[in-house]
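Following this line, the structures themselves.
Each of the two complexes below includes subunit A, the first together with subunit B, the second together with subunit C.
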Partner chain A sequence: MRIVALLCALVPLSLLLLGFVLPRAEAIHPPFSPPGRGNLLGTDDVGQDIFSQLASGGLTTIGVGAAAGVLATLFGLLVGGAAGYWPRLETGLTRFTDLILTFPRLPLLVLLSLYLKPNPLNAVVVLALFGWPSSARTVRPAVSGLREAGHVQIAKSMNASGLYIIFRHILPQLTPLILVQLLLEIRFGMVAQTGLAFLGLTDPSVPSWGLMLFQAFRHPQTFLGPYWLWTVLPPALALALAVLALSLSLLTDERQLDPRLRRETT
Partner chain B sequence: MFRFWATVLQYLGLALLALSLNFFLLRLAPGSPLSGLDQSELDAALSQQQEERLKAHYGLDLPLPVQFSHYFLRLSRGDLGQSLYFNQPVAQVVWPYLQRTLLLIGLGFLPALLIGGALGMLSALNHRKPWERWLLGGMVLLQSFPPFLIAILLLVLLAVVFPIFPAVSTMLPGQGLSDRLERMVLPVSAYALWELGLFYLLVRGSFLGVLGQEFISYARAKGLPERTVVLRHILRAALPPLIARTALILGVSFGGVFFIESVFSYPGLASLALTAIARVDYPLIEGIFLLTLGMILLFNLLADLLVARFDPRTQEAA
Partner chain C sequence: MMLSVNKLTVAFAGKAKFAPVLEDLWLELCSGETVALVGESGAGKSVFIEAVLRLLPASCRVTGEIHYQGHNLLALPQSEFRRFLGRELAWVPQSASGALHPMLPIGLQLMEPLLARGMKRQAAWAEIEPLLESLDLKPARQVAQSYPHQLSGGMRQRALVAAALAQKPKVLLVDEPTKGVDTERRQQVIALFQEAKQLQPELSVLVVSHDLDLVEALADRVVVLYAGQLVEATSRKAFFSEPMHPFAKALLAALPKNGLEALPWAESRSVTGCRFHPRCPIALERCQSDEPQVTLHEHTHVRCWLYAS
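Right, the complex of A and B next:
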């Protein structure tokens, strides 16, 4: 399972790396030319090279997803850790977390991206702003379970500060849990960014996989000829592979995490 | 009873928060509500006096809190405002589109629930068999796919490579029923496929949780036939949390169906929203999002109330 996940991750990750190196796609080629010499994956309706779009698009999509995922998880750790460690904060913070969690994320993202400037930075901020509650909710009970543990009590008796104990002595024990949460958040961030771009709600000058899909779907000829083969399939498959890679590694991780599931595999 | 009102009150608070978010976001956004243009273009088009008269007409010269209370009072009368592009009341514009979205969800939801539920049940009862693990893996992957990706792959497969169904689901006035139904097949199946994995995992998890408990072993030890054990003991214990989760998923699906609709150009709320966005029709945008958020919150509230009603365990805890 691990190997399959790695194989799936190979394509999006190499696209990400190429995104740093390759120049941005420019409309200098004949439009809708099929894959072959000159353009490895052909060109789109305005004559931009698909492959370089795919590479720089991967940089946006994976970059936004990863940044949003890391930020959301970090913020969730902070809130969840504080709520789990200090009993006085527990009720209030839990209520607040549940409140934000009840808000439907996707429609809200669409709404917010209408009103904010559609650049990647804002996408990261909005995604992180509504992504943290799920990791806070996962971490809190685990932290409060470790609150009374021996090594925590010893650290406390040596006058260590609360935040120090949380980040140095409690959270490292929850690494697998946090890793799963991080992967989930990254996956959601990538999917949400692609979704927004697919609806045409992101900056049209910043290439991303969703934008490629949006432009392909907007063009009336895409599905009338063989054009969808190289305008629709590559970005769709790139995203599919990225999602698959994350989901498969989640699957293996969850098996190791949950003792009930672990018994299942042996 | 106290719990009931506390839950309702919490959701009223959430709804109020959604309302104010909707209101203040629009006012904080750059550009003027009069034109959607920036200030310099506005100055070129209107004289100072004209601009002020227009602002007074729409109540835009009032302080924000007053505007907010006006907005709130207007909404409480069920008045969503006037669409600028269609030049009709928003509620009137939205209604047919909302009906079509509800139809799409309704048609896809039931098969997904039944098939996903049945597979999940089978899976839980055949726990640890090799085929069950493959099924589980497949469903986990299916469930992790975003709805628009499922829709795009389905479109490519069943409308382009094998042109069995029409790729575009636009509805025209002259179409017969069979034509309309044919055009709904792909969006409905994309939606159903997306939900299928979710229901499968839910039912499987819920069943497995019950299966490991002592009263099931006891029922089996009594020599009850397997059918009775499954129907009367497992199902009965597994069902209450499932009902609530189902309501929750129904609420969430309003978000996912948005993307599926736009893949197939299905004339539901999503395409209306995209039109409204393209025409900078703020009252219509506001109306659609209030409706969507309201729908989701309503289903969440339903889920919370159902849990309280059907699951005795939560009542003890309260």
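Right, the complex of A and C next:
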């Protein structure tokens, strides 16, 4: 499973790396030219190289997803952890979390992108701002369960500080949980960013896989000939592989992180 | 005097009011002495240990005095109180499963309190290794590298004892060390504490148990709790040869098997007069209405109207 996940991740990750290196795609090639020597994956309707668009688009899509995922998980960890560890904060923070959770994220994102500037930073902020409650809700009961665990009580009886207990006793046991949450949030962020771009709600000067799809679908000629093969398929496939890699790694993580679930006997 | 407890009352927050779990407990533990706290389940034995170590939830109300070498532990601010944890007072908890960190190897868990005191890794291991060997956790290096789930329940229990002893405490608070341990291993546990005493003759031990074999083998003095109250405090010899309180007698006669019926927790607390009278085979009339006080009667402290002057 891990190998399949790695193989899936290979394509989006190498695109991500190339995104840092390759120059931005410019409309200097003949439009709709099929994959060939000059343009590895052909060109789009305005003559931009698909491959370099794919590379720089990956930077936006994966970047927005990862940043939103990290921020949302981190914030959820803070809120959920505080609610779980300090009983005094529990009710207030839980209610607040539930309140934020009632906002539907994607419609809200669509709505807000009409009012905010459609740049990637705003997408990250909105995704993170309304994405943390699910992490908080996952973390809170786990923390409050561990707060009373025997080994935490023993550590307390041996003069362990609160921070030591949190970082040595509680967080390591939550790592699989946090990691799963992080991957889920990254996945959601990537798909959400693509969705926004596909609806034409992002800045058209910032390349992304969603924007490529938007531009391809907008052109009436796309599905009349074989053109969709190189204008639609590559970004769709890149996104699918990225999502698949994340989903598959969700299955393998826990077994690696928890000594109780490791197969080999040490 | 290592530990002296005076008028200790522990109450848990109930729906309407605080429900006392321990009432007016007094207890003394001298240097090098072993005191056994015996009583039924729910008598408040474990709560006592948790109250000493401040492990009870914040909603609990603890009043009275717990003096340790001149300091009233209950009055100390948390930062000062923590100095006593580990080095002075160490705890061996009741349940061995869940009491060890599931994701850290045993050896590291045992060494961390020592490392936290600034000890070098090798020096800490030099402390731990003979301890593991003497507790029959052999080969020590292999045990130290294993995770708690790879050890048996008995081994985990012994690892917990090792964790407490590794800190070289002055007072060891032991909660039900033979709970869920078979007869053969029970002898091992008893031998373990005897050995610990030999290693550290000045170690004071407070052991909570309803295993009377263990009490007989280890204790110098016995304190009997019934429904949160002290009913008898005496020497081991007196407790086993001539127990005074009817409940102590019943305990020794391996009752309630012989006709003594257990009362539900709340019921045993709401009894007027002597709390034990509904179950007492020799209850007097005044036992139903008046609550007896603890009196001293031939070296034994006892709470019973039979011995009231």
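One rule holds for everything that comes next: the second predicted complex is superposed on the first by the 231 of 266 C-alpha atoms of A that agree within 3 Å, B and C clash if a C-alpha of one lies under 4 Å from a C-alpha of the other, contacts with A are read in each partner's own complex, and residues count from 1 in each chain.
Here, a contact is a pair of C-beta atoms (placed from the backbone, for glycine too) under 8 Å apart; a residue touches a chain by one contact, two chains touch by 3 or more.
Note that the coordinates shown come from a computational prediction; the quantities given were computed from them, not determined experimentally.
Novice: A:194 in the overlay: touching subunit B, subunit C, both, or neither? Say first, second, both or neither.
Specialist: In the superposed model, A:194 contacts subunit B only, not subunit C.
Novice: Considering only the touch criterion stated at the top, classify A:74 as touching first (subunit B), second (subunit C), both, or neither.
Specialist: neither
Novice: Check the residue A:112 against both partner chains and state whether it touches subunit B (first), subunit C (second), both, or neither.
Specialist: Only subunit B is touched by A:112; subunit C is not.
Novice: More residues of subunit A in touch with subunit C or with subunit B?
Specialist: B
Novice: What is the contact status of A:223 with respect to subunit B (first) and subunit C (second): first, second, both, or neither?
Specialist: first
Novice: Answer with first, second, both or neither: which of subunit B and subunit C does A:153 touch in the superposed model?
Specialist: second
Novice: A:247 contacts which: subunit B (first), subunit C (second), both, neither?
Specialist: A:247 contacts subunit B only, not subunit C.
Novice: Residue by residue on subunit A, keep only those touching subunit B in one complex and subunit C in the other, then list them.
Specialist: In the superposed arrangement, which is not itself an observed complex, subunit A uses residues 260 for both subunit B and subunit C.
Novice: Note which residues of subunit A are touching subunit B in the complex, please.
Specialist: Counting only subunit A, the residues touching subunit B are 99, 102-108, 110-112, 114-116, 187, 191, 194-195, 198-201, 213, 217, 223, 228, 232-233, 236, 239-240, 243-244, 246-248, 250-251, 260, 264.
Novice: In the complex formed with subunit A, which residues of subunit B make contact?
Specialist: Those in contact with subunit A are residues 10-11, 14, 18, 22, 25-26, 28-29, 127-128, 133, 137, 140-141, 144-146, 148-149, 152-153, 156, 159-160, 167, 208, 251-252, 254-256, 258-259, 262-263, 273-274, 277, 285, 289, 292-293, 296-297, 300.
Novice: In their complex, what parts of subunit A are in touch with subunit C?
Specialist: Residues 87, 149-151, 153-160, 164, 168-169, 172-173, 258-260, 265-266 of subunit A touch subunit C in their complex.
Novice: What part of subunit C is in contact with subunit A in the complex they form?
Specialist: 53, 55, 58, 82-83, 85-87, 89-91, 93, 95, 97-104, 109, 112-113, 116, 145-147, 149-150, 160, 163, 167
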